[in-house]
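Structures incoming, each one as structure tokens.
First subunit A sits with subunit B, and in the next complex the same chain sits with subunit C.
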Partner chain A sequence: MLQLNSIDIKKQRKFVLVWGITFLIVFPLLITLGLLMRLNQGEEIQLGMDRFYTLMTLHGLGMAGVLYSMAFAALWYLIGTRHTKLNLGLGYFVYFVVLLGVIGLAYATLIGKFGAGWYLLYPLPFKGTNWPAWSTGLSIVSLILLGVAWIIGILHVVYALAKEYGGLTNLLGWQYLGKKNVQRELPPIVMITTISLVPGLIAYLAGAVFLFMNLFQHFEPALSFDALLLKNLAFFFGHTLVNITLYCCIGWVYALLPEFTGREWKTNKVLVYSWNATFVFILFAYFHHLYMDFAQPLALQYAGQFASYLSAIPATAITMFGVITQLYHSKIKWGIIPLTFLIGVAGWAIGGFSAVVDSTIAINKVLHNTLWVPAHFHTYMLTGVVLFIFGFLFYLSHTKEEQEKDKTAKIGFWLFVIGAHCFIATFYTGGMNSIPRRYADYKGIPINSTHTTGALLAQIAAICIGLLLIGLFIMYGSIFNKLRKGKNIPMVPSTNT
Partner chain B sequence: MPVKTSDIIFILTILVMSWLISFPMNEWFSETMPRHQILQLPAMLVLGIISGVRFSKHIIIGFAWGIAILIFILSSLIFWMLPHSIDYAVINTPFNRLMHVNMLISGFLLIPVLRNTLSEIKIIFLGMLSAMVIATGFTLLSYNLLLCSSFNIEQQKEAGLQLVIIGLTVFASTIFIFFRGAGRS
Partner chain C sequence: MNFLSPLLSIQSFAAIISFIAAMLVVVVVIFLVITSSTEEDKYSVKHKVYKLRSRYFFALVICIVAGLFISLRLLPYAKFQSEPDETVTVVAMQWAWKIAPGVTDKNPVDFTGGSEITVPANKHIRFVVTSSDVNHDFAIYNSKGLLVAQTQAMPEYHNALEYIFPEKGDYHILCLEYCGLAHSIMSGIIHVN
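Here is the complex of A and B:
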């Protein structure tokens, strides 16, 4: 285990707090954009189509970016204080480049009214737009900046870990597959970090190619690309980014949950096989986003379904089983941190299950363009990733005893969880009732029941968002209260290292 | 510092090669798109890199300036890969020579920057370079209309395919270099 002095730990803690506070500022602002969109769909306010799609773009890009960044920052902290030394200067460089990218995106959308949606479906950003060309250019450059910053961060973490553990194969846990005794224990968080981040490097290449092609198009409007190729590149990048965000979070559940159950969570053959399977299949699962593209080769559509099943099942099943064995008869005290992890894992599993349902071709034919899609990704993001992040922030701000006794945090937590699940339920119900997604409002739908159901569900969703915001701010109060009082040293290190 | 004879010979060789590429052989290079994009442009960059390897040992470039120079190099490459720029460079010889000078300087500056920067920055530079080359390749390959009036569609497709292959090779090498370097403790 890495031995750091208290000054280095404090510096790392300060760094992750900078990320944490940025997250806490940006996150509710992005939720508010979602609230405005649902109010518009519920016909409570009139945003107009242009503004709706602008907000949708910023909400999508912003949430994906901020959740990934925070997940990565937390992983950075846990790796950097326990397993290998990480360069804080580089960490701050990544932070400022990300900040620059976010400011660029906010300017391009809020001022420039860029509204092509999070994945810039080609040729939407260029053809028949109602926003100026500079906002498209600024969005692309901002996304390139974000990509560059994230890759630098990933490279640094993987590079440092590979040096510490003697190469990539050791990081992937392959030493556990041979007959020889393992010389040095590999903490699960290290293996999961590698399995999350290395596919990220490959996906970022696709993202960079996609963004450069968009940049060429921006400079040379006469160009015309193969729209299917660009969609493949965009989803390869986007799908992988979202998945690695989740896996980063799962990594710290493996690291932190044992501190509360008092049981070790070690790497073994089964864990290595299951996560290595995920490592391969994660790269091919994105094909399920293109089922509606009839020009996509049929074999890839089948590959999409198989890879979706195979990438989801091993890691999820093994993690679920691991969580159960951690908790069963463990006499755990249900403080706010293990609670967020448990309910977060549940959110991950429920969202993952509905994603697998949607990745089934026969079902996707019905659900693809409905609210089922935002339902599933809001499930694993809002009730998975966000809860994991809050668990981590409580871990930073509270001592072990404080987190057990903090009733305010628990009240906020339950309000948030109830609000979030009710909010998501309106999406699922919408999906089951064929309410289309990506509609600014439902006024133009000639089927009256679809129009009224869609608007009603949006109104209910807005109330749920209000509830989850109240819960969120109560949790904020608890975190800031403890941070203000000051807690210098993090809790006991992981038992599984 | 006394100037060594070997240095003078080296400079002269680089100058002669640059002159050959930029003047007598310019017409040959400009005849087809693959020659122009895959031979002439990289050749000038490589000459710059070779010069940088020899003469930039004492040049120390700070981190921030290094990043700025890498952005300059990548922006230069983007600019010279745009179909308009390619077209104009073939039609207008002085403009083509501006590309040659730009590539020479870029290559020269690349070495001291990479020598003094973090491994992560080196890898990301190579990664972004490969992404850019692949993107240009796809642009040329997937567009069925002639992008550069100076060439023909077959040359455009051929250049596109070769760029995609080069880009993927650079990316694979980048990954290999990264993990080989990472494996050494």
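Here is the complex of A and C:
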């Protein structure tokens, strides 16, 4: 157990609040872009195609970037106050570089009209574009900034932990696999952090290669790269980023849920095996994004489906059953924090299942690039990751008693959850009806029923988004109210693990 | 080919099992909330849940093996295709389809073809799909608006998509990979007779 004095804890707390408040400001702005997109698809407003794709690009990049950053910051706080010392100077450096990258992206999209989508497929940013070349350049440079910041952050956290626990293999829990008694217990959050961030590091390096190739292309138009190779790199980067954001959140669920159930959640052999398996699945699952590229080697297509299917085993049999072991007959008081965790895990399960369905090649051939795809990832992002993040923010702002009594927070929470699931249901229904994703509107579809169904679903979605926004702001009220009083600082870290 | 048709589209199948799974999750959540109001010793809880877990584990492994076994025989790739009765060349460009019968050795940029083509019903048709600029996706929709087959159109690569049109009438082509500004209006028609 790390011993920090209260001044250091306060500093760490301030640091994570800077991230948290940035998140709380940016998140509803990005939701508003989603609302505008749905309104345009519902033919309620007229954005024009160029503006639609600009907003889509900013929404996708922004959400993926901000949620990962927030998840990373939350882990940083829990690790930095409980398990090993982390350098705040470096932390703030990461923060400002990320901020710079986000501002660059906002400028490149909103002013520069960059609109190649959040996963940009080479050579789209360079051919037939309706935006100036500088905004492509600025976007690439901004993404490189984000990547560099994230890589530095990961290296610092993993290095500090490795020093604390005696090497990387100890962070992966391998000491549990031998015959010898374990010298020092490994908290699950430390193992999960490692298993999320190290694949992340590998993926960001691949992302860096991808981005630099794009940058070379930007400066030297005569170049020509292999589109399939760059698509592999783009998805290895993009898929892994989104995937590990969720696993990061699971890290703090392991750490915090026991504080409310009073039941410990410790590392053991089974946990080590299952999370190490997850490590491998994270690296190979991304192939399921290239099923419809028939030119991709067949073995990789198989690898995609195998990894995607198998990842369900550790996720459900270990983590979800772990949650059941925590909660069943626990006499837990359902305050807002354990509630966000339980409902978040449910969202993860629902989104995960529909993802596995879509990762079946024989099914993917009719669901690929329909609204089913945004459906599944919005499920585990919006009703998974976002809820876990709110759980963490409630943890920062509320004492244990406060979070039990806070009715306002619960009302906001349920409005948000119901609105979000209904909003996502319009995506699933769209996927089931073969409505394409990434269509500015459905007017150009020559099949009448497809056009009208798509537009109707978008209109319904807009109402659900309204509901979800109301719930969101009620939760904001609760968090800021408690933060302003600020009396409960600092929360004593648990001694559970 | 659709392994369930004509009873049920693949899309409906996917939606139904996903919905059932989601309801199952809801039931588990409600169950956990209700049962959490009483208290039991954590060791006996652990014992009970672990017993359930090992059963779940075996059931899941069986489902996964069965799922892989069934679904991996239904792949759309070249290795699983038969000799075509007819071949059609498709070149995607920003933002139109160039389609013509037969194979071609022309450069995709110079290739000429219209956005419509006529093919016979109940024959193996092979579409050889590529792109002359950015990534696109060649997707075939039937007259009811159901997506029935697709493949990516990638510059420098040729993807062979095989499909047997079961009914006469018009099928539509949509682009399913974002390819720039006019992506959503990039369509074509396949007349089947």
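What we mean here is this: the second predicted complex is superposed on the first by the 487 of 497 C-alpha atoms of A that agree within 3 Å, B and C clash if a C-alpha of one lies under 4 Å from a C-alpha of the other, contacts with A are read in each partner's own complex, and residues count from 1 in each chain.
Criterion: contacts are C-beta pairs under 8 Å (C-beta built on N, C-alpha and C of every residue); 3 or more make two chains touch, one makes a residue touch a chain.
In this text, all values refer to a predicted model and were calculated from it rather than measured experimentally.
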Combined model on subunit A: subunit C and subunit B, fit or clash: fit
Subunit B versus subunit C as contact partner of A:A208, first or second or both or neither: first
Which partner reaches more residues of subunit A (counting touched residues only), subunit B or subunit C: C
Which superposed partner A:D226 touches (first subunit B, second subunit C, both, neither): both
Subunit B versus subunit C as contact partner of A:G444, first or second or both or neither: second
Touching partner for A:T136 - first (subunit B), second (subunit C), both, neither: neither
A:N243 touches, of subunit B and subunit C: first, second, both or neither? neither
Touched partner set for A:N40, first subunit B, second subunit C, both or neither: neither
From subunit A, separation angle of subunit B and subunit C (C-alpha centres, steps of 10 degrees): 100
Partner chain(s) touched by A:G166 [first = subunit B, second = subunit C, both, neither]: first
Touched partner set for A:H156, first subunit B, second subunit C, both or neither: first
Three-chain overlay, closest Cα atoms of subunit B and subunit C, distance in Å: 11
Residues of subunit A at both interfaces, subunit B in one complex, subunit C in the other: 226
Residues of subunit B that touch subunit A when the two form their complex: 78, 81-84, 118-121, 123-124, 127-128, 130-132, 134-136, 138-139, 142-143, 145, 147, 171, 175, 178-179, 181-185
Subunit A partner contacts - residues on subunit C that touch it in the complex: 3, 9-15, 17-18, 21-22, 25-26, 28-29, 32-33, 35-40, 42, 45-46, 48-50, 52-53, 56-57, 60-61, 64, 67-68, 71-72, 74-79, 94, 133-135, 137, 139, 141, 143-152, 154-161, 172, 174, 176-187, 189
Residue ranges of subunit A touching subunit B (in the complex, touch as defined): 87, 90, 148, 151-152, 155-156, 158-159, 162-164, 166-168, 201, 204-205, 208-210, 212-213, 215-216, 219-220, 222-226, 229
In the complex with subunit C, residue positions of subunit A that touch it: 49-50, 53, 115, 117, 121, 123-124, 127-130, 226-228, 231, 263, 292-295, 298, 301-302, 305-306, 309-310, 312-313, 316-317, 321, 324-325, 327-332, 334, 342-343, 346, 349-350, 353-354, 357-358, 360-363, 365-370, 372, 428-429, 431-434, 436-447, 449-450, 453
